[in-house]
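Two complexes come next, and they have one chain in common, subunit A, joined by subunit B in the first and subunit C in the second.
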Partner chain A sequence: MERALSDKKLIALFLVPGLTIFLIFYFVPILMTAYYSFQEWDGINPMAFVGLDNYTKMFTADKSFWKAVWNSVAFLLTGVFVQLPLSFGLALLVSRKMKGRKWFRNIYFFPVVMSTTMVSLLWVKIYDPNIGMLNTLLEAAHLGSWAQAWLGDTKTALLSVLIVTTWHYVGYNMLILFAGIQGISEQYYEAAKLDGAVGWKAVRYITLPLLSDVLRICVVLNVIYALKTFESVYVMTNGGPLHSTTMIALKMFQEAFLKQNFGYGSALAVFMVLECLIIAWVLNKVLTREKIEY
Partner chain B sequence: MFGKKLGVVAASIALSSVVLSACGGANGNEGATQNQDAKPAEGKESVSLWMFDADPMYQAAAEATAAEVGVDLNYEYIQDETYKTKISVALAANELPDVFQQHAGKSYRTPVLQSKTVAPLNDTLDSTGLGAKFLDNQLVKEEDGNIYSVPSNISTTLVFYYNKKLMSDLGATPPATWDDLQALVTKAEAKGIIPIALGGKERWQGDLLYNMLVARQDVNAFDNAIKGDAKFTDAPFVDAAKQVATLVSSNAFQKGFLGSAYLDAQELFKNDKALIWIDGSFNFGALSKAMGDNLGYIAFPKTGVEDVYSATIGFQNSAAPYSLFVNNSSKHVGKAKEFAIKLSLKLNDEFVRKGLPGYAASEVKSESQNEQLSAYATDISKTAKTQAMWFGLLSADTGQEYRDMTQQLYGGNLTPEEYTAQLETLLRSAE
Partner chain C sequence: MLKSTKNTGLYLLMGLIAVLQLFPLYWLVVSAFKDNSEIIGGVVWALPTEWRFSNFSEAWVSAKVNQYFFNSVSVTLITLLCVLLFASMMAYALTRMRFKYNGLILFILLMGVMVPIHATLIPLFMILKNLGLLSSRLSIILPYIAVNLPIGVYMLSAFLRSMPKELEEAAFIDGCGVVKSFFKVVLPLLKPPLASVAIFVFLAVWNELLMAATFIQKESLRTLPLGLMNFSGQYSISWGPLAAAMVISTLPILLAYVLFSDQMEKSFTAGAILK
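Moving on to the complex of A and B:
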């Protein structure tokens, strides 16, 4: 067995079937999408080569494209600067040796188990300005002036969707960070305690540095999720009102499957793939640092 | 064929790998499919059928037709919005069922015909003699002289429904003019009743309301403008856009209507929270069942210079009606053709039974109509013109752009003048 594992040719041979499947079902469609992005094509009639026209349209003529880019940035920033700190806070809380911590951990994680469609539909009902729970509660609390047309108003729609995605996925990051915290040896905290580092100081100087690798993974996952957000927006607002919540993935879907612009839809898909790759690469470069050991 | 199919499948995989996991839909049952996978009995041919009409009448008619034709039926109901996506991919990839329903309008019909995946029905219509049963002009003859579809729905039009209980609570009468409508909106709003429920999320209701307001300004405005004899910046279009802006500014629609789904908005009307509901005549049955005598109907008010019987807005046009098509790659194409034609006639019988004007001769007797439906039938018979909804006359791309633009009018992002100027540019360039 050991000899087999040291034989690189044999290992390569075993990798061939998986690699072939990966290339056929993942890499080839991406290449073909790149090819279609230079065509004008409705999916039925013959394609016509249009060069960079689809990309020119994307960057110069399609007003909602830049709105979608901005919305992606909003999702990205919320994921990294709101959701992640919240997750970290919750992970710290459920890491403490207190009664019912398992119960709390499960409660916080529960929304992650629910499908995005289900969560989105649930919140559509909660946000309903006419019969929804949120406005009813606000009115019952004599805060009727705070009641809004949450998903129906361009001023509040994006924020409303962001709140839902944060609520939905906060438990996911919490669980990853919780596992990371559990992996930090207790002796570091005991040694730090002798030096007077307790409470926030212990978090600042022990927990956070030793969690840096886990945090990096969480940041990358959050960013990629933010850039390709589709389901929650599709179900809750369909990109509206007036494109205020549109996303690149949603535009891609609408262009290709509703407007039958497969060429332009493919150009949007290529943009999204490149955007994800570049940002993930930059993040890896920026966040990579020497492993900390005490 | 293989290359194109491979291309579409590959494009769909690549494009949808990121998104399609969520095609579950924006409404409660969006994306839901109801698949009755019947195992074909020995020696019996099977026919698969895709439908987007939720009315149980369709499935019952299909099952009865299958029994009559002697085939096993694989009936699949696919929710309306999901259907539009699914059928466009299936068309391009030639992965169609044996028989399928298609929406009305050029943007939906043209791709079906261009895909060259549907079978001409002339031979079966002639050999069975069933072609003679369809009324004049109900079978669409395409440019090549072939008939590729049979109707799957009767002509449906825009209807102005109102809630009788709320109207009575307000001590008001249904509006006859634009001034009446404005006064009613003000009165309802003052009493905390939603004047008009509108599902803005899907955009089509607002779009059709605008079409209707334009038709009331000038019954031939759209036809003249699209032919180039007039402009979309002319008075009828601007005046109707101003009426939309007035309705929005006077809070005629429910709070957050731009984000409201059609079905959610409909619930407001059915549950006595909204006074007026603008919808299709296809919903008479469902609304009557839900609201009973509480459902009121009037011909759309005289909101412009044109009379109430001058025109209505139709959901389909004679060149692109709601249709049933047969896949020419079907293993049992002969049976599928016979099934589609007989299903169309069976559905016609059901419409006639309900007291609605059918598209084919029928021996079925009409059941008694309720008061509202009979009033509607009378009004429709008096109406001089059915203007096809504009969206149905545009290509898929232009149609979607047009609906986006109209939503901007409703959202206040465009003034009536800006909106009509952009309309002129969009529809003129698409001409």
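Moving on to the complex of A and C:
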């Protein structure tokens, strides 16, 4: 058996199909993106090496780049400070031992499995000034003066998109946190009860500290999802109006495949990857504290 | 007494949130049976006065949702089969076989988990163009396999590492070769993690838009998300058939969720913790 498991031909047979596809269609392209980012290239004529020009352009000349960075920050902050607390609240609710809690959990989670394209198209219609249900509902509630083109106005577009992503993904963190809460032993709560810690006190002194690892995972996930946002803005606003909802990933897509600026598009992609990796690494460092043991 | 009021309050709160989560979907479903005048003039939450199944047939045939549906099904199925097979073979090699570059391969695969697909898009477009694949289904199937392999390999190897080797050893003693024992003994034991991976890949591929929008050049090859996006651009005036098309494309997911909700939840939690 040992000999059979060290047979080079067999090892190759097991590894080659998957590894080849992964290398050609994922790994090598990552390296090529880094290489392209130092070139000026329209995809047809020969490339021209331009050093750091694409990056200089990105940081100094391209105003909508900073708009995209700022929007990413808005997505990130909403993910961590609005969506995550909401998810935590939902997780606490569905963790209570009450009848029908599984139903509620399933309902809250269902939007997560729907595609972002579908959810975004649906909300485009909900926000639509003519046929959308939001304005109709507002009018029914005698708030007709609030009715407007939600996605068409620079003042409301970003907020409207953020509401959609929160609606769509709030169940995701809920589920992860719920799984974490299930892993906390009853004993802690019983011991705390003797010390008079029930209700919010139990949440504050038992649930939260014991969930710190899970919360860290959620924070990192939310941040990375926020920084990578593409589909929702592509479908709902295409970055507009006036770049008010543009994101790095969307800019990369537009620069490369609409304007044929493959070099500049690659530089944007490299920025996005580095941003994700560095922020995830820093967050993991900062948020990892000593393990709490009771 | 106090407890029951508290419980009623909690139920009300949870019910309210459930309505917030479900109402947009309810609106989608009833709109799928309405015509524009009823959507604009009628009451938002009212059931349609007449159940217009014609919206569905219009979406299915005239808006070519049938074609997009078939494309999504075939792309998803082929990707799924390839990922499951290749990922389990790789996981088996990485956990059971003896060779030097084990760690290196795991590290390279880790890049696939960490680096977002956006970073591969531009070169991939060029590679696919040079291989002449841009007018074929393979233009998205191959990248989809590549994107989903790493997470599959990681989930399956974690399972294999914790699985005792006795059964495989017994199969060897019975004269099975490596290949035969992999297919006859290992694969059947891998069923639980394979189910998790399958759900993960199914949702990822069925819902994917970015790569589809970039690599699918032929209208006849469009998958559902891409097809629906273009449909919504063309028919921005009649919402009923578009709503019907969206209902149709969400049905398989709803069905899968109803059948495998526990499994789905497990697979999402596992996928999150891996990242």
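One rule holds in what follows: the second predicted complex is superposed on the first by the 267 of 294 C-alpha atoms of A that agree within 3 Å, B and C clash if a C-alpha of one lies under 4 Å from a C-alpha of the other, contacts with A are read in each partner's own complex, and residues count from 1 in each chain.
Rule of thumb we're sticking to: a residue touches a chain if its C-beta (ideal position, glycine included) is under 8 Å from a C-beta of that chain, and two chains touch if they have at least 3 such contacts.
Quick caveat, the model's predicted, so the values are computed rather than measured.
Looking at the superposed arrangement, the partner reaching more residues of subunit A, out of subunit B and subunit C, is C. Within the superposed three-chain model, A:L93 lies in touch with subunit C and out of touch with subunit B [touch as defined at top].
In the superposition on chain A, A:L283 makes contact with neither subunit B nor subunit C. Contact with neither subunit B nor subunit C is seen for A:A74 once the two complexes are overlaid on the shared chain.
Using the contact criterion defined above for the overlaid structures, shared-chain residue A:T117 touches subunit B and also reaches subunit C. Of the two partner chains placed by the overlay, neither subunit B nor subunit C lies in contact with A:I184. In the superposition on chain A, A:M236 contacts subunit B only, with no contact to subunit C. When the two complexes are overlaid on their common chain A, residue A:I11 makes contact with subunit C while staying clear of subunit B. When both complexes are overlaid on chain A, the residue A:I163 reaches neither subunit B nor subunit C. In the superposition on chain A, contact of A:V28 is made with both subunit B and subunit C. When the two complexes are superposed on chain A, the residues of subunit A that touch both subunit B and subunit C are 25, 28-30, 32-33, 36, 43, 115-117, 121, 124, 130-131, 228, 230-231, 234-235, 249, 252-253, 256-257, 262, 265-266, 269, 272. Residues 7-8, 10-11, 13-26, 28, 31, 84-85, 88-89, 91-92, 111, 114-115, 194, 200-202, 254-261, 264, 267-268, 273, 396-397, 400-401, 404, 407-408, 411, 413 of subunit B touch subunit A in their complex.
Partner subunit B is touched in their complex by these residues of subunit A: 25, 28-30, 32-33, 36, 42-45, 115-117, 121, 124, 128-131, 148-154, 157, 228, 230-232, 234-238, 240-243, 249-250, 252-254, 256-262, 265-266, 269, 272. Those residues of subunit C lying in contact with subunit A across their complex are 7, 10-11, 13-14, 17-18, 20-22, 24-25, 27-28, 31, 36, 39-40, 44, 82, 85-87, 89-90, 92-93, 96-99, 105, 108-109, 111-112, 114-116, 118-127, 142-143, 145-147, 149-150, 153, 168-169, 172, 177-179, 182, 203, 206-210, 213-214, 224-226, 228-229, 232, 239, 242-243, 246, 249-250, 253-254, 256-257, 261, 264-265, 268-269, 272-273, 275. Across the complex, subunit C is touched by residues 1-2, 4-8, 10-11, 13-15, 17-19, 21-30, 32-33, 36, 43, 90, 93-94, 96, 98, 104, 106-118, 121-126, 130-131, 133, 136-137, 140, 167, 171-172, 175-176, 179, 217-218, 220-221, 224, 228, 230-231, 234-235, 249, 252-253, 256-257, 262, 265-266, 269-270, 272-273, 276-277, 280 of subunit A.
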